[in-house]
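This report refers to the structure that appears directly beneath it.
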Amino acid sequence: MTAAYTPTELMVCRAARELADGEVVFVGIGLPNLACNLALRRHAPELLLIYESGAVGAVPERVPVSIGDPALVTGSLAVCSMQEVFSHYLQGGRIDVGFLQGAQIDRHGNLNTTVIGPYERPAVRLPGSGGACEIAILAKRVVVVARQTRRSFPERVDFVTSPGFLDGGDARQRLGMPGGGPSLVVTDLGCYGFVDGEMTLVSLHPGVTLERVQAEVGWELRVTPELATTEPPDEDELRVLRELDRDRLYLG
Amino acid sequence: MSADKLVSMREAVARLVRDGDTVVIEGFTHLICFAAGHEIIRQGRSDLTLCRLTPDLIYDQMIAAGCARRLVFSWAGNPGAGPLYGLRRAVEQQVPRPLELDEYSHFGMVARFAAGAAGLPFWPLRSFTGSDLPRVNGDIRTVRCPFTGEELAAVPPLRPDVAIVHVQRADRRGDAQVWGLLGVQKEAAFAAARVIVVAEEIVEESVLRADPNRTLLPGLVVDAVVHEPFGCHPSYAQGYYDRDNAFYVGWREISEDRGRLEAYLDEWVHGVPDRAAYAAKLGDRVGELRARPRVAGAVDYGY
Amino acid sequence: MSADKLVSMREAVARLVRDGDTVVIEGFTHLICFAAGHEIIRQGRSDLTLCRLTPDLIYDQMIAAGCARRLVFSWAGNPGAGPLYGLRRAVEQQVPRPLELDEYSHFGMVARFAAGAAGLPFWPLRSFTGSDLPRVNGDIRTVRCPFTGEELAAVPPLRPDVAIVHVQRADRRGDAQVWGLLGVQKEAAFAAARVIVVAEEIVEESVLRADPNRTLLPGLVVDAVVHEPFGCHPSYAQGYYDRDNAFYVGWREISEDRGRLEAYLDEWVHGVPDRAAYAAKLGDRVGELRARPRVAGAVDYGY
Amino acid sequence: MTAAYTPTELMVCRAARELADGEVVFVGIGLPNLACNLALRRHAPELLLIYESGAVGAVPERVPVSIGDPALVTGSLAVCSMQEVFSHYLQGGRIDVGFLQGAQIDRHGNLNTTVIGPYERPAVRLPGSGGACEIAILAKRVVVVARQTRRSFPERVDFVTSPGFLDGGDARQRLGMPGGGPSLVVTDLGCYGFVDGEMTLVSLHPGVTLERVQAEVGWELRVTPELATTEPPDEDELRVLRELDRDRLYLG
């Protein structure tokens, strides 16, 4: 018998399982941070968390509300300048997994966090790249966590802030991008991998129909022949996760 | 340069920050000098080019107050609490005035400061490939490696007229020490023509000389030193006071409404003469945010 | 990678330093790991490409012992006491074997390590203009700035097979802290394929976590950790023991005479099994060099 | 009445007078180090000493025997990596005065510390550049301290390690070198400035004849019309200098 859980809890637990022990992960704030700390406390005690703020090997005693929370510094293994974080760790090829979120993600895993509408006259001005552009280019693989709607999953994003597989195929290799690009997209409906640089549905969350997923994608969705059901979170994952975010700041 | 550079925030801003300047108030979440931003608003500076990786609430306030003509940045949001509406009104509706955007990624901004500090005309980096950012920013270019022939991205130096750096402790010469997150403050200060160091504590030079590896900036690059305890609130100073997350979360409601944002500026910026009055007005909150000690061990510099 | 990387110097060198490797034992005057150099000589490694800004006595000994095929450097002298004769015999008389020189300036070497650490194929710098060095070293080239059009010097990355970094304290994972002169050790370690950290003291991880700003290297980049007290003599470790200047001055007479240099190696390198025996053999000198305490004040990481 | 002094003491005292209070000086080991510490203790209390080893604002309690002496660190204002020393301080244009020595210096102030004879088959292999090449290019001005012999003052050095004025004239400006080049050469015989990038005798040390100086120069020496006698060190300069190097490690 499995426990009751929210779609957000499922997303975080599924993302956490993507992290192998001993890997080095570039942590973003919010759900990615919860996923990383969940993995650290359960199956990946040797997971090394690196925050773009410069905290290396952080073991936050509280859920960091910002990526530069003081709790990320106190008791961490090392603090380095942002120049070092980006040059030595990310550009130096030491980051196994980068976590990204996005207002829009398209058929080829390109992410937009810059503008909705034209750049010069935006309908909505979004925050911009932050470190996402270089994480997308340099991390060995990228995991994307995003809520899925037809508007947020267009065939092509309005603005490519962070490149995924561009137009698909081997576009990344042709441009000599060091990182491998997106390997997994976890939404509140299902999980996606990439085949020839195209987003491909690999599993449906329990109770979600293929029709519902297709209704929330802006293109003719590719589906893997061996479509699975996403393994739901178990009791222990949920217990640890809920301890991590007692005030449900991010779990809602 | 005089050995004693200690002045009030009012004097430092009056003397070193001019209309039309390119101004940097850095600090990545940690040590963001709100006290300096508020004084710049009080003195009515205008046409500033504001530079920061993360504009944060302080630039949202300065933009809403009409100080800025241009913003050089890489991520413009309220960390963990939605958009910066003051900034969005300027960009989307030109309110209170238009705001030009000069947009990079974090690494791009870090590289610009690094080039400025190192006296280089460009900085090479592996980013921007396949992104639309170079399409909308002509200053993101490429350079060819003279050894491998490969193309890398290149950005120009950022050389601010003024950099304002908040630190935990400094002496009257401006020698300054920081611990906790370091951000890009060292690079920003070395890149700038003028530097204001704002410190939680002013200490004897001997305190700094007892631990020279902690020094972020030498007085050599500093023009003015300001003693401003609690000068970062709602940002934080490791070892002194915590980040006021409730304020950051609450800012959304204030900035969403132009009237409320202006009322906030009237009450908390124009309505107080200086940071001491601001802290007094905050009352008990100051004590609630005070840090619980976590003292590091000492090391030995003997020989 | 295993969490416990603590091994003996013998095992670290046997496992991680191979014939033909490009090897860096860095440390600018401070923290030069003579213990590692001696073990490499004892294990008879050959055809090494040795890299250091200042070859110092340790490379003079390794070159005289026949370990090296090539030297990448920027200043080859005995600091304050004349030439390095072992090195000169190899260059001028090919004794005991020829030595190729790959020569830069200090800034050029620093830039090569910086490029290696940052994963860049070149590093731009303002040096070498008008110097004859580019004439004799084809890897000192130029790159044109995509913004100003000016030409700058460019050097390629230095990516050693092995970097050996001596530190004051480390934990068993290889997380390492250093204070005093930092040289280029961080860049050298991040640039290397394999890293050996040699520490005066092995401490609990909690000691390092109490002061994260002191950390030079994370265990992430470290392959082996060696506990080797007094491992730098005649170089020094701030807070532990002073530089043995008399030894540096006295080295001139030893290295000037090939026979005496070989006798020194027989007695002090091949003649002892490890660093502990070397220190025991030095006797009272060890105590004479012990540092007199100069303890720095602590800082607070609370929030 | 002036005190008795050695030629070396005169060289150091003359070099020290070249440093103005408040200036930032890139200090070399040996005589330059003595000159800087002499100036610091007498007329230039605000002189900032920066050592290429990374010690900033050093106040050594003993004469440093090496440029990385621990006494340069203990009680200094700041310690930074060599990357910072060369990038932020020297290349960043913050060094007013750089001190250089050389096995050879020529008519146009070019310095050789690399080889005597051809590079591939050197008669004598010298230490090489160290930081001298970039100091010569980047420091606002350069002061050279050197013992003078006909062999060490050739018309053209065997190898240009550190450029002075190259072939003279405005060669430096044409190559866009940021620094001003050599402004003073102090030897055991006299002092030299540079006119149109050519070394020019400006003063003779007390008791030294022009003929003697000309005999120790490998070219037709240019002499300033208002040739002066070098001001000898006074009692106080000598007292402080001799305190600095009690063991006469460098004063001989």
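For reference, chains read A, B, C and D in written order, and residue numbers begin at 1 within each chain.
In the analysis below, a residue touches a chain if its C-beta (ideal position, glycine included) is under 8 Å from a C-beta of that chain, and two chains touch if they have at least 3 such contacts.
This is a predicted model, so every value here is computed, not measured.
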| item | value |
| --- | --- |
| Any chain that touches chain D and chain B | C |
| More contacts between chains, A-B or A-C | A-B |
| Averaged-CA centre spacing for the pair chain C and chain A, given as whole angstrom | 40 |
| Between chain B and chain A, distance of the C-alpha-averaged centres to the nearest whole Å | 28 |
| Between chain C and chain B, distance of the C-alpha-averaged centres to the nearest whole Å | 38 |
| Chain centre separation (chain A, chain D; CA means) in Å | 57 |
| Numbers and ranges of chain D residues touching at least 2 other chains | 55, 70, 73-75, 79-80, 91, 178 |
| Junction residues of chain B, two or more chains touched | 119-120, 125-126, 150, 179-180, 182, 186, 210, 213, 236, 238, 242-243, 294, 301-303 |
| Touch-based graph of the chains, sorted into line, ring, star, complete or other | other |
| Contact set on chain C toward chain D in their complex | 28-30, 53-54, 73-77, 79-80, 83, 87-88, 91-92, 103-108, 110-111, 113-114, 125-133, 136, 150, 179-184, 186-187, 236, 238, 242-243, 245, 248, 294 |
| Residue ranges of chain A touching chain C (in the complex, touch as defined) | 22, 24, 46, 48, 55-57, 59, 70-71, 73-80, 87-88, 91-94, 178 |
| Contacting residues of chain B [partner chain D, same complex] | 1, 3, 117-120, 175, 186, 190, 205, 208-210, 212-213, 215, 217-221, 301-303 |
| Contacting residues of chain C [partner chain B, same complex] | 119-122, 124-126, 139, 141-148, 150, 152, 154, 156, 168, 179-180, 182, 207, 210-211, 213-214, 236, 238-243, 291-303 |
| Chain D residues touching chain C - in the complex, by the definition given at the top | 29-30, 52-55, 65-70, 73-75, 79-83, 86, 90-91, 114, 119, 122, 124-125, 127-134, 137-138, 159-163, 166, 171-172, 175-178 |
